[in-house]
Amino acid sequence: MDHDIQLDLERASRIGFDEAIFCSGKSTPHLARILDQAQDKRLRLLLTRLHESQFAELPEHHRVRIDYEPISRTGFYDSPHPLAGAARVAVVAAGTSDVFVSREAARTLCYYGVPAQEITDVGVAGLWRLLERLEEIRRMPVVIAVAGMDAALPTVLGGLVPGCIIAVPTSVGYGVATGGNAALHSMLSSCAPGLAVMNIDNGYGAACAALRILRGFGSAEAAKA
Amino acid sequence: MDHDIQLDLERASRIGFDEAIFCSGKSTPHLARILDQAQDKRLRLLLTRLHESQFAELPEHHRVRIDYEPISRTGFYDSPHPLAGAARVAVVAAGTSDVFVSREAARTLCYYGVPAQEITDVGVAGLWRLLERLEEIRRMPVVIAVAGMDAALPTVLGGLVPGCIIAVPTSVGYGVATGGNAALHSMLSSCAPGLAVMNIDNGYGAACAALRILRGFGSAEAAKA
Amino acid sequence: MDHDIQLDLERASRIGFDEAIFCSGKSTPHLARILDQAQDKRLRLLLTRLHESQFAELPEHHRVRIDYEPISRTGFYDSPHPLAGAARVAVVAAGTSDVFVSREAARTLCYYGVPAQEITDVGVAGLWRLLERLEEIRRMPVVIAVAGMDAALPTVLGGLVPGCIIAVPTSVGYGVATGGNAALHSMLSSCAPGLAVMNIDNGYGAACAALRILRGFGSAEAAKA
Amino acid sequence: MDHDIQLDLERASRIGFDEAIFCSGKSTPHLARILDQAQDKRLRLLLTRLHESQFAELPEHHRVRIDYEPISRTGFYDSPHPLAGAARVAVVAAGTSDVFVSREAARTLCYYGVPAQEITDVGVAGLWRLLERLEEIRRMPVVIAVAGMDAALPTVLGGLVPGCIIAVPTSVGYGVATGGNAALHSMLSSCAPGLAVMNIDNGYGAACAALRILRGFGSAEAAKA
Amino acid sequence: MDHDIQLDLERASRIGFDEAIFCSGKSTPHLARILDQAQDKRLRLLLTRLHESQFAELPEHHRVRIDYEPISRTGFYDSPHPLAGAARVAVVAAGTSDVFVSREAARTLCYYGVPAQEITDVGVAGLWRLLERLEEIRRMPVVIAVAGMDAALPTVLGGLVPGCIIAVPTSVGYGVATGGNAALHSMLSSCAPGLAVMNIDNGYGAACAALRILRGFGSAEAAKA
Amino acid sequence: MDHDIQLDLERASRIGFDEAIFCSGKSTPHLARILDQAQDKRLRLLLTRLHESQFAELPEHHRVRIDYEPISRTGFYDSPHPLAGAARVAVVAAGTSDVFVSREAARTLCYYGVPAQEITDVGVAGLWRLLERLEEIRRMPVVIAVAGMDAALPTVLGGLVPGCIIAVPTSVGYGVATGGNAALHSMLSSCAPGLAVMNIDNGYGAACAALRILRGFGSAEAAKA
Amino acid sequence: MDHDIQLDLERASRIGFDEAIFCSGKSTPHLARILDQAQDKRLRLLLTRLHESQFAELPEHHRVRIDYEPISRTGFYDSPHPLAGAARVAVVAAGTSDVFVSREAARTLCYYGVPAQEITDVGVAGLWRLLERLEEIRRMPVVIAVAGMDAALPTVLGGLVPGCIIAVPTSVGYGVATGGNAALHSMLSSCAPGLAVMNIDNGYGAACAALRILRGFGSAEAAKA
Amino acid sequence: MDHDIQLDLERASRIGFDEAIFCSGKSTPHLARILDQAQDKRLRLLLTRLHESQFAELPEHHRVRIDYEPISRTGFYDSPHPLAGAARVAVVAAGTSDVFVSREAARTLCYYGVPAQEITDVGVAGLWRLLERLEEIRRMPVVIAVAGMDAALPTVLGGLVPGCIIAVPTSVGYGVATGGNAALHSMLSSCAPGLAVMNIDNGYGAACAALRILRGFGSAEAAKA
């Protein structure tokens, strides 16, 4: 009557994603058992929502094999996919409080070998900060836009940027902004056409959506080559 | 056991507002009886949410005394306060669908003799439209900003305009925007400091807030003079 | 004190989208005035949420120039962009009740000259219907998945399809499904990684998201060429 | 003015359920007093939501008489009903995070002497995992399906399994999935006909519903015998 | 580019349910086309949520083949399954306003040849009405309990009846009861153990759940025989 | 710039209630300062939501003057009003988990010298427990009915008891019952006529409502005498 | 398979209320059948939520026996209980839009022979209107306070009036006030101690609560006499 | 890959507000780094939502330069703008529990050199407390009204005070008042015309709105001078 994870090892071949472990709420023994399995099967893993205190409690021999980043609370178990090519994704965050999410997106892309350009503190309540970085952003075919509270950033971007925009609301804020629904609803209701939206705080998912798109580019490129 | 309105005639002396009649949901006989009372007591009245079909059904002798405007669904019963001075309020609407609310604000100001500058179709999904009108808006000490859906307009204005901004969400939209709560929450959560917010579709209230502020200006000016 | 639309004519050059007119709630005179403007300026327009009764009430000379499709309630004013190439987008609907949304997506793509493969009635409560069409769907780099109620379709697709999936919830259903929030929340919470989500019933937006992505493909291809 | 529980000792004779003690939020002295009463009256009890720390704080002489299982947080006070016959209930969980609920269902069945077949990690985002176990599940007249987030599992099962399906949403997840309402609404809105739904995280209730059904089988069998 | 339904003809063999057509919101031509298909393929169909005015507008040759019942808004297209055996399901409604749902359940059972005992007006605000019918209800292995507003009926039944209880909330009521969420939440939170709950107004689904259970009885009986 | 409470000393003369101090969230120094004021002005005070740990941290000289009861978390500072007459209020709680609220009501009545009859564990999922106590309850002109979860108790009482029923929902429960809104909505929607409802967990308020009613009795009696 | 109401004729003896028929949503034939039954059994009935158009469509011989009042949409079928004594209930409404609810309360009291004092248009946004009527209100042992929107009236009354206050929220308003939840929540959260609250628009229920209280007065008086 | 704040130094020149640091949820090192930057650039800063424990953990050399006030949890880093002129803003709080918000407003005004008159404990459940302070309040051109729960204070003020009223709901309360939405909705729905509303607990924002208004006064005065 134990309770091990059954790692979905064929997912990579089917849809191109490795197993990712959502660590929030998992106990240290549970996490350790997952890493044991990964070690046995020589798998690399992406660990998300791994709180600093959870990381600190892991067995030493696992901890040394994890590349941990505390802001995003992500860890790479064993070496991630090698980075390749120039950045084709911009990860843009409205405020410094949104970085825990935008960094999760950037780290996930990094894990899959996709370089990303991080741009933060460009919320539209201070519009000129965004306009200064606009050309840089417009050059990218995929833009991940992370914002909380009023979440006005993706709407403004949507009117200025021709490429694909993946909007991620954050749970930052208080009062009616608590939990991130105000930001989520603002993004889903955007007057700018064609914004695609993720669940609140789901930087990992935004990166996966970007990866699904880039594969399309890849095959397009491959077809041309 | 009848059911007449008791017009609050002393409100004007106490807080400076005439009686305003919210007509939505009131029957034609009920409205006619209110106008009879106003006629008897030689009052002027502001009629709000007066649907075109309600207006059309009013008795002829009342209808001819009403200055009716169909987009805002407002009527002035008897001559409004005379317009005085240059515009000191900008009424800015994000989209054409928001005009039913912004016009209600402008008409309410007009009823009280306060000229307003209406600016529409400057939603931030097409940012340049707003930037072209920015100097005009910045000159006004009071700005009423009307927007639905993502309601990003007041946030962008809030970072560009030093004066008082009164934000009014509209019920325009579908899906999560239905009813206007997405816009309301976006405005209340704005990253721009010091936006004051009204109930959904409450153009009348926004104008009243502006009037409360302008009275302060007035007394400040009077004190100086 | 009139109230014309200010067509945002430069949007096409900036982000590549023509003006689209959301017709729901607009009066016949208002719509006619917009079409007059389009005629004067020799613009093509995409009309969305144009109810059959609204279409029927338009002036004859406008009506004859509109290619109207009643299920999606879309109209093309003047000839749309010419269709080019093979289908690169699958538009998949779970039930026949969802077709009003999936057709809106397909028609929007069609307006922009992008052929789409429509596949309907493949809801996962009858799983084999989906599996029979799976290879067809997997071949497309972009999949728009439309579903109401439990909205389980995009999750199942997300585990089977490597490409980009744009999920659109519909407002179909009753009880807790009323309005489409159950479907929306199901999609945003999907266990499948990287689903991008649109507002409820927003087939138009899903197509725009697909267009933003395909532009990327285009430029990738162009870069290679 | 004390505050002892009045154990409903006749419930078993009336509807066939022993007293179950929901321990969450109860203090150690309160729990101890309940167990004292059970000891005095020679009752067996099912303890649910008994947190590991609560269990650890119970008096030694009570603790030794409790068969405690930490994942489900259930305890059997004194020997449960003896297990009888082959498994006639499948308890299916979508993900490893849902096991705290599916195990509660399995343990409740076990307490009442009903063997259950536990199957986990068969969420439909990895469809083949479910299809591999399908025949096993189809053989059971009662299936308890536990899932969080999008909760697509019961819908897919509902189209593949002819027997009774009891769906239990879990509170697993973040953003719009927080608290489990997304999963609950997805299950209640399922396109598959005839799914019966329980409150969020209510594995105990799902087992009780299964027991109510099995009694029917029993009496049917008895009537035949 | 037409839009026919693809009748899921194999559903019956897989899970034992015929196609059911949810008619609410479907146009007369759409419904007629579905009936044409059924006629061609010699299928029987259960029509649900078929409003009296929709039924009246159907082509004469279809209308004569439909057994229509206006309270439940259900129709049987061609002869339903023959009724067999004594009633084994009680369909209990709290108030006369709940009958539109309880009758839908009873009619669905009738369509599948399962006789049901309807009992109405036994809401627990007048407790004796229920207690008078209690023995009759207790004899049934499956009880469908339909109630709106406070929905206290299933809780009281749950403490008195040992068999399976399927609770269906109705959308009857005003204020906080509007739409049926108060009733739904009351049922999901019931203090009585093991109530299974359906979506609001889903009498059809409750009958399907009963059918899934009765199949189990059937096979149990068959196994014994 | 300190922040003392301004005890509303005239409230008693105006509406007959002493000052009550809601202690939840108040710091120990803040509470101590309030008690200092009460001591100086020789006031008695009712303390509500005073957590055991808050009570333990109060200065010794205040603590000894407080009659503290931990289940209700209430304290009487200095001697309460003397008890007078027979019980005229029944305080009825559905489950043992609801006693923290029913006891708050009983203690508040006690503070004001009104004896109350407490009856617990009579939830209607075990109906006979209630029926055994019914005559006792029916004799009281005022009944406070406390229940969480489905909150079916007040509805059943409302059909059996002719007197005034004050219903208090509790925040007990999980899933859709979390926070008590399910119970609140169930009570407000009750099919029994004339139930008066309080905010969730507001035992204090229920007692105050009873006191307002009893004053009426008193004056009626006085008028007769 | 017909569907008659089972009039609960013993309710009066048990809890002192006649049958009341909630007419909203009932068809004319259904209502006529109920009145036929009442006629046969020589019952009087209170009809609530009987829309003017429903009343107009009733058979002539029933219509003439109904005392109908259109604002409250109530009807008395056959002579109501005779009025007795001086008014002991004040029914206070904040605005003229709230009268449809306050009148329902007053009419229900009238049906039961209890005279009530109606006071309208005393909303606290014009405080002096209330203060002028305060002494009149304070003299009543029971006050029904009806208000929509901010619902501030009962809070102000609660601090000025020692007697029992039954607060009824109305569904009047728009934006966040739509449906009446803002008013309901405001009343439930009142800072004034001991307000008892009814469901939104439930004037009938408020009157029933008042009747339950007055019965207590009656028996108190009887006991003294 | 570090994560410094980019202080928006030009905001002051554009809209007249210094940078304000929202400290809630920020770690001590993060806050220290922000203060380091401020020190380097010789900026003054307003710190909001700085919990006492956060303040205590700051490096000594920063702590000594902060004027900290614990009730409002605000800190002034380096000397604030000098106070000038008589108070032109009243900050009015309904209860002592609302002071954490009203003090935040008063402190923000103080930081910007604007004296404010704080008035607390004037909730309208004890109306005379407010009426005693009314003249004082009416003299101010701007009134910030802070209230939780029923939030009736701003409505009463709105009918008595001619100047600008900025209403701030607080998160004080339990049950339906939890989180402050009841208060927010009550304020947005106020029957008093022209109340401007802020997000829940946003005393800082209310002060910023007042500052935007006072700037208008200032320029009006300047224009006159």
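Chains here go by letter, A, B, C, D, E, F, G and H, matching the order in which they are written, and residues are numbered from 1 within each.
Going forward, contacts are C-beta pairs under 8 Å (C-beta built on N, C-alpha and C of every residue); 3 or more make two chains touch, one makes a residue touch a chain.
These numbers come from a predicted model, not from an experiment.
Enquirer: Quick one: how many steps at least from chain C to chain F, stepping chain to touching chain?
Expert: Between chain C and chain F, the shortest chain-hopping route counts 2.
Enquirer: Farthest chain from chain D, comparing Cα centres?
Expert: B
Enquirer: At the interface of chain C with chain E, does the proportion of residue numbers present on both copies reach over half, so same, or stay under half, so different?
Expert: Both copies touch with mostly different residues.
Enquirer: For chain B and chain E, what's the span in angstrom between their mean Cα positions?
Expert: 50
Enquirer: Taking the mean of the CA coordinates per chain, how far is chain A from chain H in Å?
Expert: 35
Enquirer: What whole-Å value do you get for the distance between chain D and chain G if each is reduced to the mean of its CA atoms?
Expert: Going by mean C-alpha positions, chain D sits 45 Å from chain G.
Enquirer: Multi-chain contacts only, two chains or more: what residues does chain F have there?
Expert: Correct list: 11, 126, 158-160, 175-177, 181, 184, 188-189, 193, 199-200.
Enquirer: Please list, in label order, each pair of chains that touches.
Expert: Touch list across chains, by label: A-B, A-C, A-D, A-H, B-C, B-G, B-H, C-D, C-E, D-E, D-F, E-F, E-G, F-G, F-H, G-H.
Enquirer: So in the complex, the part of chain E that touches chain C is made up of which residues?
Expert: Of all residues in chain E, those touching chain C are 1, 3-6, 8, 10-11, 22, 24-26, 169, 171, 179-181, 184, 199-202.
Enquirer: Touching residues of chain D toward chain A in the complex: what are they?
Expert: 69, 71, 96-97, 99, 103, 120-121, 126, 128-129, 172, 174-178
Enquirer: Which of the residues in chain D come into contact with chain E in the complex?
Expert: So the residues of chain D touching chain E come out as 11, 14-17, 20, 141-142, 158-166, 184, 188-189, 193-200, 204-213, 215-217, 219-221, 224-225.
Enquirer: Taking the complex as given, what residues does chain F use to touch chain E?
Expert: 94-95, 123-127, 148-152, 155-156, 158-160, 173, 175-177, 181-193
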